[in-house]
Amino acid sequence: TKKEETPTYELALVTDIGTIDDKSFNQGAWEGVKQYADEHDITYNYYKPTEASTAAYVEAIGLAVDGGAKVVVTPGYMFAPAVYEAQTLYPEVKFVLLDADPHTEDYATFKIESNVYAIYYAEEQSGFLAGYAAVIDGYTSLGFMGGMAVPAVVRFGHGFVQGAEVAAAELNVNVTVKYEYLNSFAPDAAHQTKAAGWYSEGVEVIFAAAGGAGLSVMAAADAATAKVIGVDVDQSSNSASVITSATKGLTTSVYAALTDFYANTFKGGTIVTLDVAKDGVGLPMATSKFTTFNQAKYDEVYDKLVAGTIVVKKDAAKVVDLVVPHVVVTVEGAE
Amino acid sequence: MNTDTMIFLIRNMVPFMIPLTIVALGGMFSERSGVVNIALEGIMVFGASFGIFFIYFVPDLMSPQLMILAAMGIAIISGVLFSWLHAYASINLKANQTISGTALNLFAFAFHDFLARLITKTGTEGVSFKNVFRIEKIPFFGDIPVLGDLFFKNVYLSTFIGLGILVVASFVLYKTRFGLRLRACGEHPHAADSVGINVNRMRYWGVLISGALAGLGGLVLIIPTTVEYTGTVSGYGFLALAVLIFGQWKPSKIFLAAAFFGLMQVISNSSGLAFFTSLGINKYFYQIVPYLTTLIVLTFTSSKSASPKAAGEPYDQGKR
Amino acid sequence: MKKFLMNAGVQKIFAALLAILFGLAFGVVILFISSFFISKASYPLDALYTIVTGGLRFSGLKGLGIIMRFMSPILLTGLSVGFAFKTGLFNIGASGQFVIGGFVAAYICIKWTFIPLEYLWIVGILGAVIAGGIVGLISGLLKAYRNVNEVISAIMLNYISMITVSNLVSIIADKNNPSRTSPPLSRIPTLGLDKIFGNNTTDISIFIAILVAILIYIILERTTFGYELKACGYNRNAARYAGINDRLGITLSMTIAGALAGLGGAMVYISSITKVFDSLLTLAPEGFDGISVALLGMSNPLGIIFSAAFIAALKNAGPALSRSGFNEEVVKIMTAVIIYASAFSLIFREKLVQFFTKKGAKK
Amino acid sequence: MEYVIELRNITKVFPGIIANDDITLKVKKGEIHALLGENGAGKSTLMSVLFGLYKPEKGSIYIKGKEAHITNPNDANRYGIGMVHQHFKLVHNFTVLENVILGVETVKNGTLVMAEARRKVLDLSKRYNLFIEPDHLISDISVGMQQRVEILKMLYKNNDILIFDEPTAVLTPQEIDELMKIMKELISEGKTIIFITHKLNEIKAVADRVSILRKGKLIDTVDVASSTKESLSEMMVGRKVLLEVNKTPAEPKEVIMEVSHLSMKSKHHGKDSVNDVSFKVRRGEILCIAGIEGNGQTDLVYGITGLQKLSGGKILYKGVDLATKSIRYRSLNKISHIPEDRHKHGLVLDYNLAENLILQTYFTDKFQKFGFLNFKNIYDHADKMIQRFDIRSGSGSHSVTRSMSGGNQQKAILARELDINPDLLIAVQPTRGLDVGAIEYIHKTLIEQRDAGKAVLLVSLELSEVMSVSDRILVIYEGELVGEVDPTKITQQELGLYMSGSKREKVE
């Protein structure tokens, strides 16, 4: 029958809202899948759910399984309830869940089966490094534009403010941070204007933790000859204005999880947080465009994070709850 | 409000205002000829796609300004070709003009993604480009105090092209034989027909000009506002339609309406400026301000609508 | 046979089917061309098979259940747009009405716990109908009393609605997760359909939607109320001359259109689909799908039932297509071509009539 | 004999009907050649063929003895043919000048040059006494002026074969006189005119020869001088037609409606279009409001029928003030209204005939139950009406009214309005553009209504109609009533003086 002629794909990724090239978790995870599969000559494919609902996610996972997937990568916290369902629906399939661990829709029940490997990233540390580096490098007027107040983005933002604080204390300078969520992950003239406004009032660098929306911030920075800090992946190639990027090791961690799977050491049933200690987050120093801040400085603060001499808080309800004496944070709109 | 804020607002109106003007003028030509064009959004997407593909595939072959001109040409041509479909359906087939408009919108979004994935090196829908098109300062004019800062520094060629189109469009519409005939076709096609004007041909011109301008407008909207094109113009085509209606189908008023809307968009996104934060108004109101003010203004200005009488009606010679 | 083919209704159905065939054929061409670019692609015709059957790929009734649940919201937004078309209005605002309706339904089903949970969903649905109706009402009032073009007011209201909901999400958000809504405590019941269809999202919403479609059909074609509304749509002045309150008629038409789209919102946001308001600033696509559905269904409420099913199946086939190695956008392109081809229906019907009248004349 | 136009064996078929059936029409140079025929006889179609708007199935056209191929209006123009269409072809928001030059613009370096055109228009206007203001918008000028603009369009193009399709249907008596003068003037300059009209007086007044069409066929072409109105109408309809209105003197009974101090605000300017008007209408009489177009009749009727709000005054109908009552109240209380503009108000053109015939009654028990329409009754009712009023259309009660001829559309409205058996019938221009047969029928109906004890309020611009049908005449001038006269005791000339404001007296 025709069905048999349809090709199968051993590795699958189901995308979250946004496209496969969202400059964010979809893209980062996808590159991990691609890299591993290409290197090992394994078939792979991605599936885009018809809409952002648990039902559609479950269905897309079903489709992937139908298509012969042995491992399904699901990037984004929105997948938590879908994977919660799928893990028992498809016990023979392995899931790599990023940014979340499986739970029910109402957060009442958390349960992880042995076929699910859940990965969190210490975005607050990544954000911290970016904030720290920026202030050490001499910037005192910073901005943070988050795509949306989802947990990972919030962690980036809170870390960023804390990093700025530590550096400001070190240099004994005062720093201001404008802080806002755009409610968008897509490029738009509106974001460009917003960023242009910030730059016109003296903001020197904006940390754009907003996927594709960051591209509009870069457009504004280009025009204002101001700076941007990228997010998730190394975004230096997108614009000359990108001084560094607060990355999280999406690609490497997915790659690693797949390596484990084929080595029969899949870490099913575990929830990990990839932090500095596990090389999960950091700044791409090779492509960074700092003047004062340098590799030595980076290593120094990095080690402090690893050693725990600096602890970055990640569960404040609001950014203003963080005590940062040297930094004045002005939040725009609702948090 | 201090002058800096004012300058900021005026300067930043431009990226909204120019494309809105261009596209709404396109819509004007179409509707003035008698064909409603709700496909403006799709044509923008389509035109921008090919303009950006061009920039993506042939970088560094020529000087930036030459390249942007070439890209604009390509956006215009692709807009024209694409709008041909709308013209064919609504003129030759006498179809409901909403149908082909909707179809074109759907098609353009899908087609960009489809093609981008097929032909870009990354195999993704986003097509990134290096924005090398901004002109830092126009010699001489840039040195004029205030005005220089406002209009002659950090500008794009498209700004001046947009203004040129405005002038040309007004001239063509009101001062030429073509314009007179076009308007007649949108108001009373039977009258035009009875004096030997080929109504269908005029309508083709109207729709194809709208295609040209919408295609161009799409590219012009994208270039200054991002560094990667993902196949969307975020509803600006529909806003251009609103600007067209708001502008009463007249070039000068369209320009004012686009300026008004552009200003409101900038204000909407400037809640973070010191002046606006000092007002202490909730961000929500800034967000809805362009739409709400448009509604309010329309409420008080719509009682006499100047919409072309025959717009939206297929021309049927036999129907009286 | 000839009489059968000369019937306007039959011709319309033929025209729609022809449009679909045309769209599918175009799809094959696109698939064929793109198969040269994609190394892993399967044969275009196999891919076409995937598209046509993609929506039903799951064994038994499951696929049908999934389509049914995709179908109910766009059936309702389609009805919304189609109803407005029939009364001479273009409701491009279904998107805003949809999201406001959905939000109010979700709000009620999360917060109004003073109502017994087994009835709460009904209140939620009523809330959605009223809320969507109010958004439609604004466009209607502006059109009827201030002559504001309904297309432009609806576009503005789409944005206002979207921004409003995006700002209000926090009041129904979960404490664990500030940007995400809590799940509704009461949902549209499944009445065992989930078991029958082997899919825990299939609920009675589709039956509600179909009932509403039939109701709208009856209102439009069989009642004095529909007669009045259509008269206002076709010729406002004549309606007024006939003693019909034309302003009220226009206002009511838009309100009903809004209520239908609002109901569509409830079908999504208080169902087991568990779609959340992602609070992103994007217009709800269901509203625009409604335009396609209405156009393909030729604004006839009964036609809309089938076009909604068809569009839902096609949408559902998108992800399936990506398994064949092709871009799923091909499905969207085909949808666009089908809508475009339905513009040919006029010509097609004319030709059909000509064909038969000529044949008749010869005899 | 040299003919300037010869239409030879023209056949034009529309789906389901042969509009022109092998028609041969010959027009001499320098004559006014009238075309006469019932509504739908094929006159407009034949002229559209000549003008290049329709392509005939058969037949050929000869201009000045040579075969001409006319496939579009440009060709016609090249042969010197111009046409004033039945429904004016003017762009409402263009100026007069723009309308005149449309299609034959002079351009210099791609720009319109208006100065020369303006001069030529003013010259022509002066020469033919057209009183044209080139910069006025069409929407601001009267119908008569629009007519003259249409004529000017032809003159501007130097056309010497002029087709007038029912040019007088919308004109006032004075304007008609002027038009006749202009036509004669044109002939004296050697131009040729084809003149379509339903009014036999006009044919008698200006035409040299007349061709009669019936149901798509040419019946005959005769000299006007040697034929009578009676013979013409008989040829046209195929039976004897009563041209004079036959009626007994009225027997007015009690007052049914009393209008007092009624004023209306104009929609176009801030002033009052109707100013402090008072009059009474009695059962058993036909009261006519006469006046030149644009003197407030339209607004007066809008006020009485409820289409527009009053700005002052009262309308006592059967003792109740209608000022604040709805239109529905009026129709429920047996006021019928045959509107002036049948396409704007009278019909929902996209509804079929049956649906249009219940526009005022769809909510009554006969046509609905619990809000559901009763289609059986609706179509039965339509069939009855079609029978009774002889409404002709392609597919009977299912015909979409848009496709019906103007005359039959008018009959449908009449049928509907009489069907509710009104106590007060307000008829505005009920015979505009109808053929004599149809006019006869409508006049007869109005008188029957009167004789049945109903009140009829007739508003008409047509002097002969006013004189022959009404029992009492009120003349309206600039929104005020300036005279009340008895038609049996006044001449048309005198009535004309009232209408033009040269004579006035206090009314009541």
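A, B, C and D label the chains in the order they appear, each numbered from 1.
Going forward, a contact is a pair of C-beta atoms (placed from the backbone, for glycine too) under 8 Å apart; a residue touches a chain by one contact, two chains touch by 3 or more.
Treat the numbers as computed from the prediction; the structure is a model and nothing was measured.
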| item | value |
| --- | --- |
| Most remote chain, CA-based centroid, reference being chain C | D |
| Chain pair with more C-beta contacts, B-C versus A-C | B-C |
| Chain A and chain C: spacing of chain centres that average the CA atoms, whole Å | 35 |
| Centroid distance [mean C-alpha coordinates] between chain C and chain B, Å | 28 |
| Gap in Å, rounded to a whole number, between the CA centres of chain D and chain C | 46 |
| Computed distance of Cα centres, chain D from chain B, in Å | 45 |
| Sites on chain D at which at least two other chains make contact | none |
| Contacts with two or more other chains, residues of chain C listed in rising order | 167 |
| For chain B, residues contacting two or more additional chains | 284 |
| Full enumeration of touching chain pairs | A-B, A-C, B-C, B-D, C-D |
| Complex interface listing, chain B residues touching chain D | 175-177, 180-181, 183-184, 187-188, 190-197, 306, 309, 317, 319-320 |
| Complex interface listing, chain D residues touching chain C | 15, 305, 307, 326-328, 330-331, 337, 339, 344-351, 355, 359-360, 362-363, 367-368, 371-373 |
| Chain C residues touching chain B - in the complex, by the definition given at the top | 30, 34, 37-38, 90, 92, 142, 146-149, 151-153, 155-157, 159-160, 163-164, 167, 283, 291-292, 295, 327, 329-330, 332-333, 335-337, 339-340, 342-344, 346-347 |
| Residues of chain B that touch chain C when the two form their complex | 38, 85, 89-90, 93-96, 98-100, 102-107, 109-111, 113-114, 117-119, 235, 238-239, 241-242, 245-246, 284, 287-288, 290-292, 294-295, 298-300, 302-305, 307 |
| Touch list for chain A against partner chain C, complex | 2, 5-7, 9, 17, 43, 45-56, 59-60, 62-63, 66-67, 77-78, 81, 105-107, 148-151, 154, 182-186, 334-335 |
